[in-house]
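As written, the chain order gives the labels A, B and C, with residue 1 at the start of each chain.
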Amino acid sequence: MEILSQGMVINVGPQHPSTHGVLRLILALDGEQILACEPVIGYLHRGLEKMMERRPYRHNIPFTDRLDYLAALSNNLGICQCIERLGAVEVPERAKYIRVLLMELQRIASHLVFLGTFGTDLGATTMFLYAFREREMVLDLLEECTGARLTYNWVRVGGVPDDLPEGFGQKVLDFIKLFRQRIDEYNQLLTRNRIFRSRTRGIGVLPKETALAYGCSGPVIRGSGVPYDIRKVALYEVYDRVEFEVPVFEQGDVWARYLVRMEEMRQSCRIIEQVIRDMPDGPVLTKLPKIFKPPAGIAYSRVESPRGELSFMMVSDGSPNPVRVHIRAPSFVNLSVLPRLLEGAKVADLVAILGSLDIVLGEIDR
Amino acid sequence: MIEAVASFFVQHPLLWTFVKAVVLASFTLMIPLAVIYIERKVAGYIQSRLGPVHVGPQGTFQTVADALKLLLKEDIVPTGADRRFFYLAPYIAFISTVLSFMVLPFAPGWVALEMNVAVLFVLGVSLFNVVSILMAGWSSNNKYSLLGGLRAVAQLLSYEIPMVLSVLVVVFYTGSLSLTEIIEYQVKHGWNIWHPPVLIAALIYFICALAEINRTPFDLPEAESELVSGFNTEYSGMRFALFFASEFANNFFITAFAAALFFGGWDGPILPPIVWMFLKVFVMIFVFMWVRWTPPRLRIDQILRFAWQGLVPLSLLNLLFAIALGVR
Amino acid sequence: MKEAIENLLQHFGEAVTAWSQVSPDEVRFTICPDKWQEVAQYLRDDPQWQMDYPADLTVWDTGQEFGVYLRLWSSVYNHNVLVLTTLSRERPVIASLAQLYPGVNWHEREMYDMYGVIFDGHPNLKRILLPDDWEGFPFRKDYVAEPSGDPLRGPQPVN
């Protein structure tokens, strides 16, 4: 794609206040109209995939925390599932339930960040503080369980490292009860606000066929009418035993993507309640040999991270280190559709559209 | 001794006006300290946090500390900036605010400059503000500042018109352009706001006031998430402090103007008039802040559309409505 | 699914060097690199496959040769297909799928950036993650880099 050389070329530089990470956008403008856009990425590239080739399989799990750092547990789960598929490792039942519980808490935390930053981008700064107030509660819960607030490293090949602490289930249920009321508050503040609607409705429309052809995933594609949610499509862990709905909206605009995330938070609450109620007792980790050498072959795993389809692909040749680890990051693919979304949009809509894609540069650049 | 000083000033009225101007200029610099403190505390409580607490009792000296910090900062002028306008812009904004305060009656007899066309003077002087923003945006040699400056000018000019039309309704009712006479009329006949056309005019005035002082939801010219800081991106140190101070002093002035036009100015029982004036102003400022921290901001074309297709016809109709009802 | 696989094998015959059905909804095909685009097109357009969603495309280096991996999903049938092939080190060229599936555009750029695999027919094949003036292809197994002493440039390739 070429940048037209007419009009003004403006650089929304790697550092800017509506920061979603170090992303650079080169825009060709004609007044307020955007003619073309070229995203420049790679400012956060650390060569994680190459580094993973030098280490034994299980030593690579902490690297994945740093990919999508707002939803670190999803990344951990992704890589562990991939190694489990490669080595045909069984995961005990209780571990599966614990993993789903943590994933859904993580989804709530990540969507709260989206809510806060999206509100701030549009000017409703108050939303940021309310969202982070709830996020603090989730982070406190996760800290009690895993010991960390951001880079959890709490999923292992064959389960989770340790059981949940005493009384954890009740604390989570108390939080969920409070959180449901708070979601209603957020709806009052943003969703029912006329100014918010006029800033997000009809903006940045992504047609269904484009979304499919580009490989968009997560709330981006569900906001365009495609009911693609890996939790329902691949039914991994215990998602086949849990009742929940996947919100899908047809409009394909920023408003639809926002609504998808809001509704997903509610559905996560539902899943968490069922998981806590149905959790069986038992071991939480399958023991593996000290030097873990899976058979040669190729395996891949898919996880529904809060941003979309996070997929790990590993190639093994029987040695303790992987030959290749490939991370298919949802934000990487979602960002590639941004130039299409911005064609014909105004500069003032750029922030709203970019915010609605909810990208994290950690997983784009790896 | 006081008689000596008083008679000296009676003989030199120009000098007396100069003293009053100096007092008002310092007031213009001091009142933002209070307003900003209140803004930060109100914002904090709306956002479920505390606001400033450490510096001074309950954090009251926080703004003073911030002002001192700004004073001590390095004065950076970008290369390629148009120096004359870059230096001039903050002062013009400041001067326009001081001039507006000069004709505002704080209490019976407490007017710096008694004018019988005070309303017209205020509306004219507020245009200096627009000019200063354009100067700042243009002279900064920065694409973002220019965009911010142009957007600000478009917005300010569009919202001047409904504002003038609403003020015209009050002028029509009281039959005078002088603020002192308007207030005295309200002392005799009850506050202006009780007339239906004036009520509508007051609502329109409030919306225009929000737009005139660049407050959310109309704060696109200073939108942080898009244009860094709009027209005052390149300003640092005391120049930035002057812009900031004149914006908050304008906040105070616009609400004081509204108090004088619609709510009777310093009129009120029991308490001294100056207290009533400040009370009305701060209640309205609180409402402004409440509005600021709740909704998101509008896009520039939505702002302009709302002004031209919404407020202008509405205020014209309101004026006709007022004329049709006639003066009591 | 069985019928669809048989039709594909019949259609491409010798080009498919190996295949396996890993699970009821996942098939893996290993094909010759020169039929890469045709197979992808067939999988997208054939009414029994309808693989309209490009999930992933990547390359890996075994030390002797490059392997290419394409994963597709069908939103109509909910089945997955993995298409694998190998490329030689001396001439790592393969057809680009960017016109068929816009979603692999950036994946192919990243593979060019990291491995030096040329995607024939790609509209904008330039580096994506590394700076435009970087020399060498870091993910190759024979990539050796030494610290250059310049913090802004970082390690530079030796060969």
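Here is the rule we go by: a contact is a pair of C-beta atoms (placed from the backbone, for glycine too) under 8 Å apart; a residue touches a chain by one contact, two chains touch by 3 or more.
Since this is a predicted model, take the numbers as computed values, not measurements.
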{"item": "Chain whose average C-alpha position is farthest from chain A's own", "value": "B"}
{"item": "Per-chain Cα centre nearest the global Cα centre, belonging to chain", "value": "A"}
{"item": "Between chain C and chain A, distance of the C-alpha-averaged centres to the nearest whole Å", "value": "24"}
{"item": "Distance from chain B to chain A - Cα centre to Cα centre, in angstrom", "value": "45"}
{"item": "Cα-centroid distance, chain B relative to chain C, in whole angstrom", "value": "62"}
{"item": "Chain A residues within the chain C interface of the complex", "value": "1, 41-42, 45, 47, 49-50, 210, 212-216, 226, 228, 233, 298, 300, 302, 309, 311, 313, 315, 317, 323-324, 326, 328, 332-333, 336, 365-366"}
{"item": "Chain A-facing residues of chain C, complex", "value": "28, 52-56, 58, 60-62, 67, 69, 71, 75, 78, 82, 84, 101-106, 123-124, 127-131, 138-139"}
{"item": "Chain A residues touching chain B - in the complex, by the definition given at the top", "value": "8, 10, 16-18, 32, 119-126, 129-130, 133, 189-190, 193, 195-196, 198-199, 346-351"}
{"item": "Partner chain A, residues of chain B touching it in the complex", "value": "46-49, 143, 147, 216-217, 219-220, 223-226, 228, 293-302"}
